[in-house]
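The structures come next, written out as C-alpha cells.
After this come two complexes, each holding chain A, first together with chain B and then together with chain C.
The block that comes next holds the complex of A and B.
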C-alpha cells in the first residue's frame, strides 16, 4: 500500500465533504436522532387527563380524589353530578383519558364493611398507554384502600419493591444508551456507502478503475474519512446522553470508547457491502437505512429485552451485531461491570470478529472493473 | 509487431455480447478512430483496452499482453482512459489545480520541478491557466473536457483511450483538444484510440474502424473507406426502391441511378451499411396538425435580453426574432450563453434586463406566461424523460400534463410513433433505447399538445449520422406541415446548413445573425460552416 496515494484520496474526500456541506449531515444527523428519539419515545404516562365524578362527596371519596390530584401522573378535575353519558362522550372526543366515577353512598357502604364499586373508564386507543394508565389507577386506589384498612389485622403483607440499575425507572436511562448503538450503526454506514456509490453514480470511479491504485488502497481511502468523522460522534453522543438526558455513567469510559470504535468499523463494513451491490446514491441510502435501522431498533433491547425473545426473533437478534454492542453499552452506562464480566469480554471479541469479517468480505467482493 | 494489438476481443455485458471478435492494431504515434452508431460496441472495446472490463481474447501492448483487468494492472501506469460523458471523471467541487495535483498523486508521480513544468505546459495547452482556482463544476463543457484530457495525460501515458471526448463540445474547444493530442503524439509518441461522432474529425485520423452492432465491419484510412462506397453515392434525387435512401444533401442507392455521382464523406458508410444489411430505416412522416390555431407572424421577439450570474454576464443585451415557419439555429461555444438564453425564453431563469414578447404577448411576469405554455414545446439537453416508465407511459403522462383527453392522446401517440419511427419501442424503457430513438421520442413528447413554437437545446449531441439525418427530416416536415417555428442549438456545424437563419453567440454577445447563404457570401474563402464559425471566434482573440 502506498501512503501517498491513500493520503491524496483522503484529502480529496475531506475537501468534497466540506465543500458539498455533507459534513453538516455527519454531525447533525446523529444529534438529531438522539434528541428526537430520546424525547420522543415515552413509555411512562404523565398528566393523563382524568375526570373524577364524585357522586358521594364524602371524606373518603375526597381523600381518594386528592390522591389523584397530588400525583404527577394525573391531571385531575373533580366534578359531581355529571351524567355518565356526558362523561363518556368526553372520552370519545379525546378530551379526557381516564374517567373515574365514585358512586353515591360509597363511604357509607365501606364503613359498613359492604362491597362497593368504583367505575373506571380508560381510553384504550393506544393499548400500551391504556395498560399503563390502568395500572396507575389501580395503584392509587389500592394504596388508598390500604391506608384506610391500616388498622385491620388481616393486612399483613405489604409489597416493598425496588428496581435495580434504573431505580427511578427513567425512560431516558433505558432508551438513550440504546440510541447510541443505533446511531453508530446507521450513520457511518450511510456515509461510507455514499462516498463509494457517489463515484460510481457520477463516473469518477473510472479514475480508480483505470489507474494503478490498489483495491486495498481505495478501500482504506474510502473508509478512513467516515471513521475519523464519526469517531467524534462517540464523544458528542456521550455528552448528550450524560448531560442532556442525565443518564448515569457507572462503567469504564475506555470500554465505551473502544467498543464504539469497533462498532463504527462494523458499520463501515455494512456500508462497504451496500456500496458493492448498489449503483445510485439514493438506493444506497435507502438500503443502508433499511438494513441498519430496523434491526438496530428491534434487536437493540430498547423495546424488548433479547432474553425474552424466542424462536426466530432470538436467532435473528443473535445474528445482528447490535445486541452485543448494546449489552456492553448498557453495562457501561447503568451497571458498570466492565471487562470483569466474561460476557462483556466475549461480546467484545464477537464485535471485533464482525468488523474484520464484514470489511474483509467487502474487500473481497469489490471488483476493480465495470460490473 | 505493432505496438498495440487487439486480438479477437469479445466483451459480454450481463450475458449480452456487446462486441465480438474485434481486431485492431496501432503503431507508435498513431491516432486511431472508432466510429459507429450509439451501442455499436465502441465503448466496450475501449474499456477492455483500458483494462476496466472483463473480456475474452487478448490485448498486447508494448510487448506485454493481458487477457483480464487483473492482468492489465501492470500496464495501467502506461494507459490513460477518458470515459464517455462531459466532465465524467471530474470532481465538481475540486478546482482545476486540485485536480492536477490529485491525479499526479494517485498516479504516484514524483513531485519535482519537471512534473511542475509539465503540469504548467498542460494547463497552457488547455487554455486553463487563468482558471486554476475554479471548481470543475463551474467550467463550461469544453473546458471540462480539456481538463479531463490533461488529467488523463498527467502520467504521460503511451496509450491514450478517449471515448467521445469531443461530443457536446463546441468547434473551438474541439480544435484545441485536437491540438493537445497532436502535440502529445509528436512529443511522446502516444498511441491514441478515440471514438467520435464527428466525421470531419474521423477523416483526420490515421486509420478508422467502423463499428456496427457489435462487430468491426471495415477499417482503413478515410480515403480508403469512402472509396469503397463511392459507387453508391449520388446527388440528391427522389428514391423509388427500398434499396435507396435520400437525405437533403445526398442520395444513397445500391442499384445504379441515373444521377450524378457525388464525392462521399465518412457518413455515407453508415447509410450504405444500413442499406446493405437491409435495416429498415423508417421514413419520417408528419401529418397536418389536428387543431387549427392562428399563428402570429413573429412568435418570439427579444430586445436587449440580459442575464447575469453575479459578476458574470451570461447573456448581454441580445436581440433576436423568431418567425413562424422558420428554423433558427443558435450557435456558440460552450458557455456562450445559448442554454441560458433558451431558459430565459421559457421562464426557467428570470430575465434581468430587456423585453421579451412571446406569441405577440409582452412577458413581464410569470403570470403572462400562463396561457402560453400550451403553445410552446421544449426539449432540454438531457431529454427530461422518466427513466422508470416506458415510452408509452412517458408520452401518456406528458399528454395528461397538457390536459389532452385520453382517447385523443392515445391516438395521437400512436400516430407519432408510426410517423417518427419509434413504434417498435413503445414498451421499452428510455434507458434501453438508442440515443437517436430517445431523441425523436423526446420531441414527440414536446409535440403532443401541438405547439406553435419549439425550443430544442442540443438535441443531436452524440446521436449517430442516420438518426441525425432523420431528425432534421422531421424538423423540416414540421416546419412545412405545421408552420411551426423552431429554435435549436447544436454543436454540429454541418447542421447549421439546415437552418433558415443562424444566430452566433460569443461570450454572451450576439456576433452574427443572418441566413447561411449570406454568411457564406460574407466569407468567400470558407469551405465549411465550421470555418465561418471559427472565423468569428478568432476575431478579437
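The block that comes next holds the complex of A and C.
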C-alpha cells in the first residue's frame, strides 16, 4: 500500500463530501434521529382520555371517580345518563380512550354485600397502550375496593420492588442508548455504500479500474472518511443522550468509545458489501436501510428484551451483531459493569470478529474489473 | 391530450418494470418488510425470564411460582443465592428476580400478610412495568380478598391486543410514505442525471402534462403495492380486521399517495442527484413519520409537537386508517381525515408542481 496514494484519494473524498454538501447530512441526520425518536417514542401512558358514566351518583361512586381524577394517568370526565351507545361511538371516533360505566344502584348493592359490576371499555387499536390502560384501571378499582373492605384479607402479599438500572422507568433511558446503536449501524453503512456506488453510477469507477491504484488502497481510501466523520458522532450522540435526555452514564466511557468505534467498522463493512452487489445509488440506499434498520430495531433490546425472545428470533438475534453492541452500550449507560464482566469481554471480542470478518469479506469480493 | 397522457404514464411504468432492482425493492417493501415488522416487533411483555431465590423451603412460594406461566412468563429459574440471581440480572439474562426471605411463609401464616423482594431489570421500561403489573395482579388474585366488584373489561377492536396487526398496518403506511416520495422524486432526477431531461424539454408536449403523467404513474405503482400489501400481508397473514369500509381506505390511500408524490416533486425540484434525493427525503420524512402518531398517540406528545403534527398529512392518514381497520368508524365520521389528507395533499402537490414546473 502506498500511503501517498491513499492520502491523495482520501483528500479527494473529503473535498467531494464538502462540495456535494453530503457532509451536512453526516451530522444532521444522526442528531435528528436521536431527537425525533427520543422525544417521539413514548410508551408510558399518561392522560388517557377517560369518560366515566356514573349512573349511581352515590358517595362511593363519586369517590371512585375522584380517584381516577386525581391520577396523572387519566384525564377524566364524569357524566351521568349518557347512553352506552353514544359513549361507544365516541371511542369509535377516537375521542375517548377509556369508558367506565358505574351501574345504577352500585352503592346499595355494595352495602348489602351483593356482587355488582363495573363495565370498562378500552380502545384497543394501539395494543400496548390498551394493556397498560387496562392494568391502570384494574389497579385503581382494586385499590378503592380494598380500602372499602372491612374484613382483613388473609393472604395479602405485597411486593418490595427494586427497579434496577432504570429506577423511574423512564422511556428516555430505555430508548436513547439503543438509538445510538441504531444510528451507528445505519449512517456509516449508507455513507460508505454511497461513496463507492456513486462512482459506479457516474462511471468514474473506471478511473479506479484502469489506474494503478490497488484494491486495498481504494478500499482504505473509501472507508477512512466515513470512519473519521462518524467517529465524531460517537461523542455528539453521547452529549445528546446525557445532556438533552438526561440519561445517566454509569459505566466506562472508554468502553463506550472503543465499542462504538468497532461498531462503526462493522457498519462500514455492511456498506462495503452493499456497494458490491448494487449498481445504482438509490438501490444502495434502500437496500442498506432495509438490512440495517429492521434488525437494528428488533434485536436492540429497545422494544423487546433479548431474554424474552424464544425460538427463531433468539437465534436470529445471536446472528446479527446488533445484540452484542447493544448489550455493551446499555451496560455503559445504565448498568455499569464495564470490562470486569466476562460477558462484556466476550461480546466485545465478538464485535471485533464481526468487523474484521465483514471488511475482509467485502475486500475479497470486490473486483477491480468490470463485473 | 388524453392519449399523450397515457403514453407518458405507460412509458414510466415500462421504465419501472425494466429496472428489476427497483421492482424488487418495491415488492420487498410491500410484502416481506411489512411481514417482518409485524411478526417481529412485539412490545407487550411476554415470555419474561424469571429467576428466584427461595429461602423458605417450599410450600407457599411454590404455589405462587406455579402461577407464573406462559405466555407472560418463562418457567422460573432457581438460583441458590441472591448474588447469583443479581449477577444474572446484571448480565441481562433474567428480567425479574423474586426473593422469598426465610420468614416469608411464617409471617404470612401468623399475620396474614407478607412481602416478596423483587429485583426488576427496568431498562425496557414498558415491559418491566407490565411485568410488575402482572405480578401484582397474580398476588392479588392469590390473596383472594373477595372484592365484591366484578370488572367487565372489554378491549374493543383488538380484544387480544395483538401487536402484530397494528405494527403491520403502521409499517405499511410508512412504506407508502417512503416509496411515494422517493419513487416520484427518482423519476424526475434520474432524467436529470441521465441527461434525458433536455430531451423532455424539447418535446412539443405541455410540461404540466409531463409532470402530471410522471407523478400519476408513480401513484399507480404505489396503489398496486397497497393492494398487494393489504390483500396478502394484512388480511392474508395477519388477519387484520376490517371493521370499516375497505373502499374508503383505498380512496384515502389514493389521496395520500398523491400527497407523498407532491412531496416527491418538491424534493426532485431542489435536488440535482439521486444522492441528494435520498438525503432530502430522509430529512423531510423522518419528522413526518414521527409527528404522525404511529408510535405515540398525538395527545401524549409535547404540546408544541401536538401543534406541529397538525400539518403532517401522515397523521390524518394513520388515524383514518386505524379508524377504518380497527375502530370501524362510519364513513360519515371519516370526513375529518379525508379533509386533512386532501387539503394538505393539494397544498403540497400544488407547491411541488409549481416548483418543478419552473425547471421547464
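For this structure, a couple of remarks:
Convention: the second predicted complex is superposed on the first by the 360 of 371 C-alpha atoms of A that agree within 3 Å, B and C clash if a C-alpha of one lies under 4 Å from a C-alpha of the other, contacts with A are read in each partner's own complex, and residues count from 1 in each chain.
Basically, a residue touches a chain if its C-beta (ideal position, glycine included) is under 8 Å from a C-beta of that chain, and two chains touch if they have at least 3 such contacts.
Small disclaimer: the values here were computed from a predicted structure and weren't measured.
Placing chain B and chain C on a common chain A by superposition gives a clash between them. Once the two complexes are overlaid on the shared chain, A:8 sits against chain B while remaining clear of chain C. The partner that reaches more residues of chain A, of the two candidates chain B and chain C, is C.
After overlaying the two complexes on the shared chain, residue contacts for A:20 are found with chain B and with chain C alike.
Contacts of A:339 after superposition: neither chain B nor chain C is touched.
In the superposed model, A:130 makes contact with chain C only, not with chain B.
When the two structures are aligned on the shared chain, A:203 is found in touch with chain B, with no touch to chain C. By the document's definition of touching, of the two partners only chain C reaches A:113; chain B does not.
In the superposition on chain A, A:211 contacts chain B only, with no contact to chain C. In the superposed pair of complexes, A:369 makes contact with chain B only, with no contact to chain C. Look at A:361: by the touch rule set out above, it reaches neither chain B nor chain C.
Overlaying the two complexes on chain A leaves one chain B stretch of 289-297, 397-405, 415-423 or 505-513 clashing with chain C, which is 397-405. Shared contact residues of chain A, touching chain B in one structure and chain C in the other: 20. Listing the residues of chain A that touch chain C in their complex gives 20-22, 25, 28-29, 32-33, 36-37, 39-47, 49, 88, 91-94, 110, 113-132, 134-135, 137-139, 141-142, 145-146, 149, 151-167, 169-171, 173-174, 190, 194, 198, 201, 278-283, 285-287, 290, 294, 297-298, 301-310, 313, 327, 330, 334-335, 337, 341, 343. Of all residues in chain C, those touching chain A in their complex are 19, 21-22, 25, 28-29, 33, 36-37, 40-49, 64, 74, 89-95, 108, 112-130, 132-133, 135-137, 139-140, 142-159, 161-163, 165-166, 182, 186, 193, 273-279, 282-283, 286-287, 290-291, 295-297, 299-302, 305, 319, 322-323, 326-330, 333.
Note for the complex: chain A touches chain B at residues 2, 4-5, 7-9, 12, 15-16, 19-20, 202-204, 206-207, 209-213, 368-370. Across the interface of their complex, chain A is touched by residues 47, 50-54, 69, 73, 76-77, 79-81, 83, 85, 88-94, 98, 101-103, 105-108, 135 of chain B.
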